[in-house]
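Got some structures for you, see below.
Both complexes below contain chain A, partnered by chain B and then by chain C.
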Partner chain A sequence: MTRHRTDVLVVGSGAGGATTACVLAEAGLEVLVVEEGPYVAQGDVVPFSLEQMQRQYRSGGVTAAIGFPSIAYTEGRCAGGGTEVNSGLYRRPPEETLDRWRREHAIDDFDTGELYDICDEVEKELSVQLVPGAATPASEVLRRGAAGLGWRHDEIPRWMEYPDGGAAEQGRRRSMTETYLPRAAAAGARLLTDTRVERLARGGRRARRAEITTADGQRGSIDFDHVVVCAGAIQTPALLQRSGLRGRIGTSLAVHPTVKLAARFDQRVNIPDDVPVQQVKEFAPDLSFGGSASRPGLVALALSDDWRRFGSAVTDWEQMAVYYAAITSQGRGRVVALPRLRDPLVTYRLTTRDRALLGRGLARLALVMLEAGATDVYPCYRGAPVVRQRADLATLQATFATSKASVMTVHLCSTVPFGGRDSRSAADSVGVVRGTDNVRVNDASLLPDAPGVNPQATVMAIAIRNARRFAAERRHG
Partner chain B sequence: MPSGSERDATTLGEPMTTPSPSLVAPRPGAVTRFTERMVAHDLPALEPVRRSAAVAFAAERIADLPSPMALGVRVVSDVVDVVSRAGGERGAVAVVGFIARRPLPLIGDYARLVRSLTTAYVWETWPDTGPDGAAP
Partner chain C sequence: MDDRVDPTRIAEPDATVVTGAAGWFGRAFLDRLTDPAGDDRRRGPLRALVHRDDEALAIDGLDGVEPVVGDVARPRSLTPLFDGLGGAVDVIHAAGVIHPARTDEFVETNDRGTANVLAAARAAGVRRLVHVSSNSPFGTNTHPTDRFRNDEPYHPYLGYGRSKLRAELHVAAAVDEGMNAVIVRPPWFYGPFQPARQTTFFTMVRTGRFPIIGDGRQRRSMVYVDNLVDGVIAAELTPTPPGRAWWIADARPYPITEIVETVGAALAAEGFDVRPNRLRLPAVAGRLAERVDALVQRTGRYVAPLHVVGELGSTIACDISVATAELGYRPRVELAEGMGRSIRWCREQGLEL
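Let's look at the complex of A and B:
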């Protein structure tokens, strides 16, 4: 039985946890970060490979929100969390989204200028930049297709370092294990990997101890004065619920649902280890289009919804790439920790509008592909037509149904929304869980809804803001 | 004293008992039998060694599913296994062929899960595999 003791326990080491640990450690607090997954250094595994999924994703990447249809999602489970495995695309939170959150959720002292100043710091720390050299062919497809249609599109910056004039695939990601976690460690924070927090033991409004299990099954505990839960939008509410905190926690999961297609061209477009950096924003924020990882296994996966008709295309995987249409959903989901089950039940319900928008989005994405010169487009749903000309798009829209489609998402948030509205906010304006004095949340769970852009920048800015408030409170308290 | 709405926002209750991870794991035999037949149906020319590797990969991933998904797969895979075994090998092959072609609720999700795992594994491991599973 291992026992630890710390001033502040940070649960999770992703975009929220790493930044929280860094700010608090640099403010002089004693910090212990506990991460359920292993430490895997950048470069140790091939990006987007099955080995990466096995080592750095929860359940090997096979996780889903149950519904009609179920929505596949992935969670990073390693030191650095999702920042180690995602596409590395960076978008600041839109000003109108921050304004709306402040207004509708009564978030106190939520200043856009302050958040954008933090974004400046984050962008410097993570080397956020455009690709200095050549874009990948799959990225160029999106640019060419959107430009041909006269649709708004742009290159999304990434947190990547490149050699001088380097091409897209030469980038090295500036994830949390390369940035905020080493900074936190330099300031004295400790990182405990391969250790799962099972629950927080409370006495009334205060939590005092975390019960932990290591990857090899050893039990232990961590005594603390404060705990900041940053385990992501699924595991954070699940841990709070296992600890006896319920109410609004886990009742308002928000995601960006996506549908996909695979497109075949006359020339090679596939770069297995990278993703396109272009996004088409003509219909944003409701709809946006981008590129997915397209390793051969993932191309085959995209064709597997109708393998008998689509499977023959797989031999041309080098001339194919996978693209997505993402929507801003009006649906909501739930995360429910169940007695005697290790993992929570996750559900999500698309609205009628969401379903229609996904179909429209897939058709428009197929149009971008045709405009870019695709010879064959394979939408990812059972019974889909092979789209070879514009006339086929009507068949696509007529036959599409989400119940037949592979719907997935990578952006999960809003399960412990923060703000000042008693009726809607599970945490206060700086992330303290309602009904508690020393339990904080500081990750994507806090976002009041899905921001309509890649959320990591938003998560990091809010996490740093909240951690600074906490550090100041400790200094003066 | 918290207001009524604050009480609604967070309910303070008793913590849960320690989870028991082994309660809901799908039975490996049922999953393996179905996956073997599914791969044989989709990729008839896949060499036996490769087929075994793909089946083992899928079975390993399914054994590691989050518990609620594992519970669902256990129920569905047990039902499919019982139905398949009732008709002998020919019946089992027919059942898999039926499931593979039709979008059945729940059972269709199970088939999709198995197919997506095996397909991704085969082309990730041997990218030059033919659409029927044949090696070049």
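Let's look at the complex of A and C:
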């Protein structure tokens, strides 16, 4: 039985936890960061590989939400969280989204200028930039297809460093283990990896102690004055619920559901270690298209919805790449921690409009592929036609149903929405969980809905804002 | 200020062939091309394909119009359309059925009929063919703010949509074989020369019985028939690569509630006693009508009101910016003015509203 003690406990070390730890430690607070996953340095595993999925993702890569249809999702589970393993695509929160959140959720003192100033800092720290050299061929496919149709498209910057004039695949990720975690450590924060927080013991409105289990099964505890939960939009509400906090926690999960296709070209397009940086934004925010990781195994996975008919194409994986269509969903989901189960039950329900938009999105994405010169397009659902010409798109739309498709999401948020509305806010305007005095949330769970863009820039900006408010309060209080 | 430069146009053809000449668009098109005071008056012959002798009689008096009685579904009846025409000949293919008695007619007229017209036009060595298509090969939008872009994946709406899709594919195949053909896609028309069913539309609005489905925020692109004539002429005379297709519609899609209000106001302005519209149906009524329509069409039958209610619950809205950029198309008339003109035209014809 190991016992720790700290002033501030930060649970989780991803985009929310690492930035929170850094701000608080640099403000002079005593900080202990607890991370369930292992510490894996950038460069130790091959990006988008099976080994990475096993070591740095929860449950080896894929978890499914129960619902109609079931929706698969992934969560990073390692020091640095999702920033270590995802595409590194960085997009500031749109001004309209921030305005809407401020208005509809009555978030107090939520200033767009302040958030954008924080974005400036983050962009410098993470070396957010466009690819100086050549984009990958799979990225070029999106650009060419969209340009041919006259559809808006652009390159999304990433948290990457490149050698002078370097090509896309020469980038080195400026993830949390390269940036905010070392900064936090330099300011005195401690990081405890391979350690899971099981629950927070509370007395009334205050939580005082975290019960922990290490990866090798050792139990222990951490006493603290304050806790900031940054375990991601699934694990954060689950931990709060296991700690007896319910109310609006976990009742409004928002995601960007996606459907995929694999496209084959008559020349090589596949660079296994990298993902496209182009996105097609003609229909944003309702609908966006981008490129997915396309290692041979992932190409095979994309063809597996109709393996009997599509499987043989995998031998041409070098000429193939996987793409997605993502929507802003009107549906909502729930996260419910169940007694004695390690992972919570996650449910999500798509609306009629969501299902129609996924089908239309997949067809429009297939049109981009044809325009870019794809010879064969394999949509990812059972019974899909191979699309070779525009007339085949009618068959695609006539046969698509979300119940036959692998609907997938990576942008999970909104399970502890913040703001000043009694009817919907689970945390106050700086992330203090309602009904508590010293339990904070500071990750994607706070976002009132899915922002329609890659959300991690928003997560970092809001986390830094809230952490600064907290540090200022501690200094004056 | 609008500083776009319109594309230059080529000269009018030596002869113009119009199919579906007695139809709503066909009549408006002939009217424009024979208007002695207008800029679009054609000097060469206007061969006009019509179905029946009485239709031929109705247009025979128009200056320069040579009616040909025939049927696009019967290839041999198309030969006289091109007989003895020399020089540059353009074809405007506007023949089609939209609300037939039986769904077979969709295939015969819209699908095979288009293939027949394309074959006859190719054999005659025409300069350019403009095919008048529809929104229906593309189905409906997923939500009220979505717009069909100029290029969209096909998703045909029932029998009519499938036949108009097949027609577009025939055009694409002819282009692949070297023909100079382009496509114009108009949504729901309004304006002079309207057929009887559109008179019913005015009557429904006047009596307050136009079915608004759901919240009425669904949008509809519409096209005033003279705007469509402008678009078709632009598509014919603007030198673009063959195989292009453009939406031709009014400047913006209208919410259903705005359409009903505007028509009501236009009727009132013409002195009609208009009752407030009260007929609201739940969104599910539109979806139900669509399903029943699909089932009925499977048996080969066609029930127009079912079809109309089925479509009214959805947004069908397109973006005309590519037609503006490539053809210099700018809609000149919008809803209030167009509906007013349409109502006055009905009165002049002595039609009961």
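Just so we're on the same page, the second predicted complex is superposed on the first by the 477 of 477 C-alpha atoms of A that agree within 3 Å, B and C clash if a C-alpha of one lies under 4 Å from a C-alpha of the other, contacts with A are read in each partner's own complex, and residues count from 1 in each chain.
Here is the rule we go by: a residue touches a chain if its C-beta (ideal position, glycine included) is under 8 Å from a C-beta of that chain, and two chains touch if they have at least 3 such contacts.
Fair warning: this is a prediction, and the values are worked out from it, not measured in the lab.
Contacts of A:Asp286 after superposition on the shared chain: chain C is touched, whereas chain B is not. After overlaying the two complexes on the shared chain, residue contacts for A:Ser423 are found with chain B alone; chain C is out of touch. Once the two complexes are laid over each other on the shared chain, residue contacts for A:Tyr57 go to neither chain B nor chain C. Of the two partner chains placed around the shared chain by superposition, chain C is the only one that A:Leu393 touches, whereas chain B remains out of contact.
Once the two complexes are overlaid on the shared chain, A:Leu357 sits against chain C while remaining clear of chain B. Residue contacts after overlaying the shared chain place A:Val433 against chain B, while chain C stays out of touching range. Here chain B and chain C are compared by how many residues of chain A each touches, and B touches more. Of the two partner chains placed around the shared chain by superposition, chain B is the only one that A:Asp343 touches, whereas chain C remains out of contact. Of the two partner chains, chain C is the only one that A:Ala366 touches; chain B does not reach it.
Shared contact residues of chain A with chain B and chain C: none.
Here chain C touches chain A in the complex through residues 137, 139, 142-143, 145-146, 149-156, 165, 169, 172, 322, going by the rule given at the top. Chain B makes touch with chain A in their complex at residues 2-3, 5-21, 23-24, 42, 57, 60-62, 64-69, 71-72, 101, 103, 109, 112-113, 115-117, 119-125, 127-132.
Those residues of chain A that touch chain C in the shared complex are 149-151, 282-283, 286, 353, 356-357, 360, 363-364, 366-367, 371, 390-391, 393-394, 396-398.
Against chain B, the residues of chain A that register as touching in their complex are 49-50, 58-60, 62-64, 66, 70, 198-202, 204-205, 211, 241-249, 295-301, 303-305, 307-308, 311-315, 317, 337-346, 382, 403-404, 406, 422-423, 425-426, 433-436.
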